[in-house]
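What follows is a set of structures to go through.
First chain A sits with chain B, and in the next complex the same chain sits with chain C.
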Partner chain A sequence: MEYINISVANQFSKTPGPRLIKEGEFSGELFFNTILDQAFSEALQSGKKIKVDLDGTAGYGTSFLEQTFGGLARKYSAKKVLELIEIKSDEEDYLKKDINEYINAENDVQI
Partner chain B sequence: MRKPDKRPKYSLFLWRRHKKIEKKRKIAKERVKTIRRSLQGKSSFQILEFRKYQRYEHVVAPKKFLFLNNTQETINFINKLGYFLKKRKSVFVDLNLVEDIDYGAITVMLSVMIEFKRLKINFNGNFPLNRLVRDKLQSSQFFDRLNKPIISESEYSIQKTDQIFTKANKVVVPLLGYNVMQEASKTIWGEKRMCKGLQRVFLELMQNTHNHASFEQEGEMFWWLSVNHDVENKKVSFVFVDYGLGIFESLSNKPAESKWSGYLQKIKTRVGYENNAEILHKLLDGELHLTVTGKSFRGKGLPGIREVLKRNQISNLRIISNNVSADVFNAQYNLLGNKFNGTFLYWELCQSNENKIWNI
Partner chain C sequence: MNILTPKTMFKFSKISILAIGLSFGFVTGLYLMGFIFTNFDNVQLQFDVLGPFSLLITIFVAFYVTDKLNKSNEKTRIEKNLIIDDLKNFKIDLLKNIKFLCGKDEIKFIEVTSRLKSLRMRINSIIKLINVYDFCGDSVCSQIDKIIRDINDIFTDKVGTIVDGRITLDDINREKINILVSNVEIKIFEIIVDINRK
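Right, the complex of A and B next:
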């Protein structure tokens, strides 16, 4: 399976911030609009999967993650997001579970 | 020439007016006498100081000026300052008798002082007589701020890397946590270490202040962060304050058109709690939010901070907001006899907390 690789630290910021652009720098909304949404559209067209690498940053607020991955599920459906997104988070293993919850919360889809 | 008015009614008016003026004169004379008596035996410097601040409202700080361990008395003092701020009256803070002080108290007093300066209201004070207290206050650069102009409307910063670092802003500043993490980990472990839980706490708190601290508008209130390095004990403590509405007030006072309107009352009605201390406990555990909104993607901030504590990424988390004081680690949630108009958090980062090799 081919992957579209996204590294938050290298492609966006080492210090991801709040939920919305108006709340401060490097928000989840900005990450969604500039990187993740485009990559997801591309993945849908090409049949590739997306690997999001969360390591190498200072840490994440819950709102950033929810806005990013919950937002993706709100736009496309939780089922599609769960099919196409793979999370890499060796430094904070619990983030995978949290992100799954945010995605599932949109459509009550369980994995 | 006009004839003098000899009507009895007018004579009575004159007599009454004379009596009133005489009474006022007597009171003023007595006041001057009292002041003179109180100044007898004082040095010329003390007399000059007195004259200088005669028109200020004098507010005496509590002997135990401790936000964490003498919460109610300290809140009373801070509320008095807040009262005079609202009335736009000049204030002289008497710190002479303070025997003990913590960084929480300093940070809150600093935030109030900046508000006075921002509104161009005079704010002054004297030094504590106790040398240890005086040193602590001086190391926080509190007194320096009294005489310096405010540089920016949106950001104030006081920095002294070895002891205390205080910063204020209105929006979320993710880079701040990154910088603080580097400095704090060097103090604790002697090298840069990653403390991702620390960054989460910063982000959640800054975002809460931005979204919920003001009733009227988002991003209206400042948050204050004070970082205190205890080099000897290899421990760094943090104080985060927003002098806004506080957790419970912000939930009670949302405007009618807001989605959060009547939120607190809804909680109380649905789950049968009347007590804010119990509500805070349930909010931190993430139980109440789901009960009321049924939407898991909102209100993750406080439970997110609780999770950080559970994962041993921080220690000794304390929260004071409105009429609740919580020692979260020991699960002690108490009601206060008075109310702090804002949200205060204290936590520590120490050697036993989770940390990882620096990879940023």
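Right, the complex of A and C next:
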């Protein structure tokens, strides 16, 4: 399986911000609009999967992660997101569980 | 004040086991040596050669059991003490960080997320160690992680006023955070008790 690799720290910011663009810099909304949504559309067309690397940042607000991954599930369905997205987080492995919750909150799909 | 710490409790149990063992040995010895109390004025004495051996064996068993109990209880004591120290230090740092963040009228978003990342990573490392040694049930441990996430949630998503990457905390949310921190303290206490009981 081929992957589209996204590193939040390298491609977006080492200091991810709040939920919405109007709340401050490097928001979840901005990450969704400029990087993740485009990558997801590409993955859908090409049959690739997306690997999102969360390591290397100063830390995430729950709002950033919910806006990003919950937002993706709201747009494309939780089932599709769970199929195509893979999370890498060696520093904070518990974030995978958190993100699964945000995705599943949009749908009762279980991994 | 005389406080019963695990160490003193163990000493106490050691002495108790020894005393019970000796008493049991003494009574068994008396019985085997043939002391038969017919009444207080008339005591018949019969000598049994096996009696002294029995007494010695009883004393040996008392010491052996005490020694075995001691060793099995102390086998993981170093690990227990290190984890308990980690939990206590984590509690101190959590209180210090939350006091700092809640004490400000306006906090930088990044300041909150970086401090909470550090705290959550730390408690998760401690939880992993607790699970490796099976010192405590997983549910209490995972509750602490959940509470730290809830604190992050209040700071970064529930305050309602985040402008230009700066969080303004109101009194209601400040109070909610303090309640969550108290819950963490209670969970830490429960875990320490569980670890000492193992």
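Everything below uses one rule, namely that the second predicted complex is superposed on the first by the 111 of 111 C-alpha atoms of A that agree within 3 Å, B and C clash if a C-alpha of one lies under 4 Å from a C-alpha of the other, contacts with A are read in each partner's own complex, and residues count from 1 in each chain.
The working rule: a contact is a pair of C-beta atoms (placed from the backbone, for glycine too) under 8 Å apart; a residue touches a chain by one contact, two chains touch by 3 or more.
Bear in mind the structure is a predicted one, so any value in this text is a computation, not a measurement.
Engineer: Look at where chain B and chain C land on chain A after superposing the complexes, then choose clash or fit.
Structural biologist: clash
Engineer: I'd like to know which partner A:92 touches here: chain B for first, chain C for second, both or neither.
Structural biologist: Both partners, chain B and chain C.
Engineer: Pick one for A:19: touches chain B only (first), chain C only (second), both, or neither.
Structural biologist: The answer is both, since A:19 touches chain B and chain C.
Engineer: Which partner, chain B or chain C, touches the larger number of chain A residues?
Structural biologist: Touching more of chain A: B.
Engineer: Mind working out whether A:105 is in touch with chain B, chain C, both or neither, as first, second, both or neither?
Structural biologist: Only chain B; A:105 stays clear of chain C.
Engineer: For A:56, is the partner it touches chain B (first), chain C (second), both, or none of the two (neither)?
Structural biologist: After superposing on A, A:56 lies in contact with chain B but is clear of chain C.
Engineer: Is A:64 in contact with chain B, with chain C, with both, or with neither (first, second, both, neither)?
Structural biologist: both
Engineer: Touching chain B and also chain C: which chain A residues?
Structural biologist: Comparing the two interfaces on chain A, one with chain B and one with chain C, the shared residues are 15-19, 23-25, 58-64, 66, 91-92, 94.
Engineer: Show me the residue ranges of chain A that touch chain C in the complex, using the header's touch definition.
Structural biologist: By the definition above, chain A touches chain C via 15-19, 23-25, 58-64, 66, 91-94, 98.
Engineer: Which residues of chain C touch chain A once you look at their complex with the stated criterion?
Structural biologist: These residues of chain C touch chain A: 109-110, 112-118, 120-121, 124, 145, 149, 152-153, 155-157, 162-166.
Engineer: Could you pull out which chain B residues touch chain A in their complex?
Structural biologist: Residues 171-175, 177-178, 181, 194-200, 203-204, 206-207, 210-211, 218-219, 295-297, 300-301, 304, 307, 311, 356, 359-360.
Engineer: Give every residue of chain A touching chain B within the complex, in rising order.
Structural biologist: Counting only chain A, the residues touching chain B are 9, 13-19, 22-27, 55-64, 66, 70, 91-92, 94, 101-102, 105-106.
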